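Structure below; questions to follow.
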């Protein structure tokens, strides 16, 4: 491989078998991934999963214990932070308090000895729509404005890779929504590779083309947001991204393209395509059956139509019903003893099912998914804030 | 409020996550070498020298101030059993102990008022607390001598109330010495207490009231424990210099009010009995270090939890 | 909601109690400040006393002392001595202490807690002990007492205070600022020069001022180690028995107002910097 000039390196970002060890604690464990140039990539996971450590290794603020990091053909594993074409938007922005906004944004350009810094800084401030505050000090700006300055300060350098470390964490909900859209717009406009670290699954799904879900130092699953949501590969992903009903079952038999599963509530049909690649479909294998709460329809048992031949259903009793406006959230205890959550759209408020009613829950086989029975059924649940 | 607050911080060993790591293990040693060398030569070595001096004996037939190095530990016993020394030592701790308590009683409400009742004047008031330091320590003490003198305002008031007889006065006396010590070290008490009160969220006090604590109970159970680091730092910063001080006793007291500092100074500089003076210094330091350790340990384990 | 025709006032006793509760501390604070500043006022007032040699009893008002501050023998030479000592001590102890503070905050190394202890001990040792132990050393080594020994001693006890002051400032500095600078193409040295140093500078300045005021006002340690050399506090103490010339009050009052002005201006400037 030709020794490329690291400071000018361009191309996809590669992490190859990266491990980071802090004493006895392995923060990142043999992690490999490729981020295509120009994409918006999100590293999603609970705190302590190793996502920030991964980011800091890309930024050059930590050295990996093992493995390599490349941008295109250039190996940047041990390059100093100031020698790599990577810039970071820090979690609390880390704006220099003694410099004004203009000086903050111009800082990187000046260090690289770029002459016409002023024009580029002005353009960057235009991009974030903050030209009018160029002469102010960071502490005089609101949180959202500081966030945008931090972004401009990084983007103005046109790095090959831009890292965002929980960039919206300090903002309130409304501002966060607004900034999500703005970040996406800016990324599309400048076309840089963005790597976004967050614990907020909604934020990751809103903005990123590709999401990697990280847990305990490894990537559990990686793909477009819809794929992760619709076809989670592990119980952690199923629980961490949105909500899932998971209940244990056993493979009874396979028939054609379907797998028949069995638990205390009866039998369920699942297309083989909906079974995680980690599960062997031999009869007797223990699995977890999953279905998202909004994909289940609920009906009073007396009103329920006879079960369709190709559908799944389970009977139970409503133990709680919470009216949320857009939808109603039911908690149903099945006859077999499982608890299932259901989100029902409030098309007709007169049709709400009161607590204590016997109900039938049904869903289409392609709306379910099957995970390995070895997964912890509660993985990723409580951390899903 | 740099000094006092910062000392409070050193007392509780600081904890700092997220520190940048650097290569080159010798760099920190190189950085602190000159300063630490200075402290070694002009603090550690002198203490050792002081200890050695405390074991010296007079050269037989020599002049005043001529001593030879021996290891005469009897110096310690001889000095400690001499009432011209152990009484001032005891008196030092009594005076400085009373002065520390008085400073706490005066300084705590003051710090509380600045922290919670001063509004936009807070910074100005803090400057006023340290403002006395801008006038020489000695001159302030002499000003007290004028204030407490028989012709001064304090005695006039006390006489008109009848608390002091027509011929009696306040200066010179033990009362004047203690008052002077209290005054001179009051800022050292006030500032650290202010520093820790400032960090107390006023909502905590409201919450205690909300949870049925009467104002005084709320203070005792919430504010006081939270301000404890400041109280500890303040009492140490007051007590330590007060116990070794001799200016107040010399300027505001009678010979019968001499403290250990006066004895050390006199023995060292006037009598030139270096071994005895060194013994006294060493005992004073040992007593104070012991008290400080016991105090930190007691307060640290019982009241800070 | 039902409405009363006229809102009933809180009972008088309640209002009185509330007022006292709200203002008792403020009244107390005023009294405490009078107490704190009374000796300062006395010193200032007696700088205008037409006192002759002994300035203890009020005689009559005069401007002479202010117009002729060096009128009394020894006053001005001792002030000059104190200023020279203070400046040298400030420069040296600020440099040495700042270096120690940096190594303590920025590095993990063996012997860190011993270092912390060695910094703390001089602050926890009474001045008589510091003074007498240095004197013991100088006597044992036959070092002549004077200007040099005073400077050496002052630097020693100022170092700890500088370390503690700079350390506090340094510890409150967000390490991410330096990381951000390095992320933005600044080398270690540039990050230090452009980010760390400007942000720590106020702490270093405060430490320097502290060192100067400690040195300028020190009496006890100086008294042990100065021999025939006289500083301003020593001059005042020694002349206390004979009577202090009012010129000493002039010098002290002037110092007071200069220091007050420096502190107030720096506070005011600090606030302006935040606002603009």
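Per-chain numbering from 1; labels A, B and C assigned in written order.
One rule holds for everything that comes next: contacts are C-beta pairs under 8 Å (C-beta built on N, C-alpha and C of every residue); 3 or more make two chains touch, one makes a residue touch a chain.
Everything numeric here is computed off the predicted structure, so don't read it as measured data.
**Q** Which chain is most remote from chain C in terms of Cα centres?
**A** Farthest by centroid: A.
**Q** Can you figure out the chain closest to the middle, judged by Cα centres?
**A** C
**Q** Between chain A and chain C, what is the separation of their C-alpha centroids in Å?
**A** Measuring from centre to centre gives 55 Å for this pair.
**Q** Please compute the C-alpha centroid of chain B, do the same for chain C, then give the distance between them in whole Å.
**A** For chain B versus chain C, the centre distance works out to 16 Å.
**Q** Approximately how many whole Å separate the CA-defined centres of chain A and chain B?
**A** The mean C-alpha positions of chain A and chain B differ by 58 Å.
**Q** Mind pulling the chain C residues that touch 2 or more other chains?
**A** 176, 179
**Q** Quick check on the complex: what are the chain C residues that touch chain B?
**A** For this pair, the touching residues of chain C are 25-26, 28-29, 32-33, 35-40, 42-43, 46, 56-57, 96-97, 99-100, 102-109, 113, 115-116, 118-130, 132-137, 139-140, 152-153, 155-156, 159-161, 163-165, 167-168, 171, 175-176, 178-179, 203, 206-207, 210, 213, 217, 219-220, 223-224, 232-233, 236-237, 240, 244, 248-249, 252-253, 255-256, 259-260, 263-264, 267.
**Q** Going by the contact rule at the top, pick out the chain C residues touching chain A in the complex.
**A** Where chain C meets chain A, its residues are 174, 176-177, 179-187, 190, 194-195, 198-199, 273-276.
**Q** Inside the complex, what are the residues of chain B that reach chain C?
**A** 2-3, 5-7, 9-11, 13-14, 16, 18-22, 25, 27-29, 31-32, 34-36, 38-40, 42-47, 49-50, 52-53, 106, 109-110, 112-114, 116-118, 123, 125, 127-147, 149, 151, 183, 186-187, 236, 240-241, 243-247, 251, 260-261, 264-265, 268-269, 274, 277-278, 281-282, 284-285, 288-289, 292
**Q** Write out the stretch or stretches of chain A touching chain C in their complex.
**A** 59-61, 80-82, 86-88, 90-92, 94-98, 107-108, 111-112, 137, 139-140, 153-154, 157
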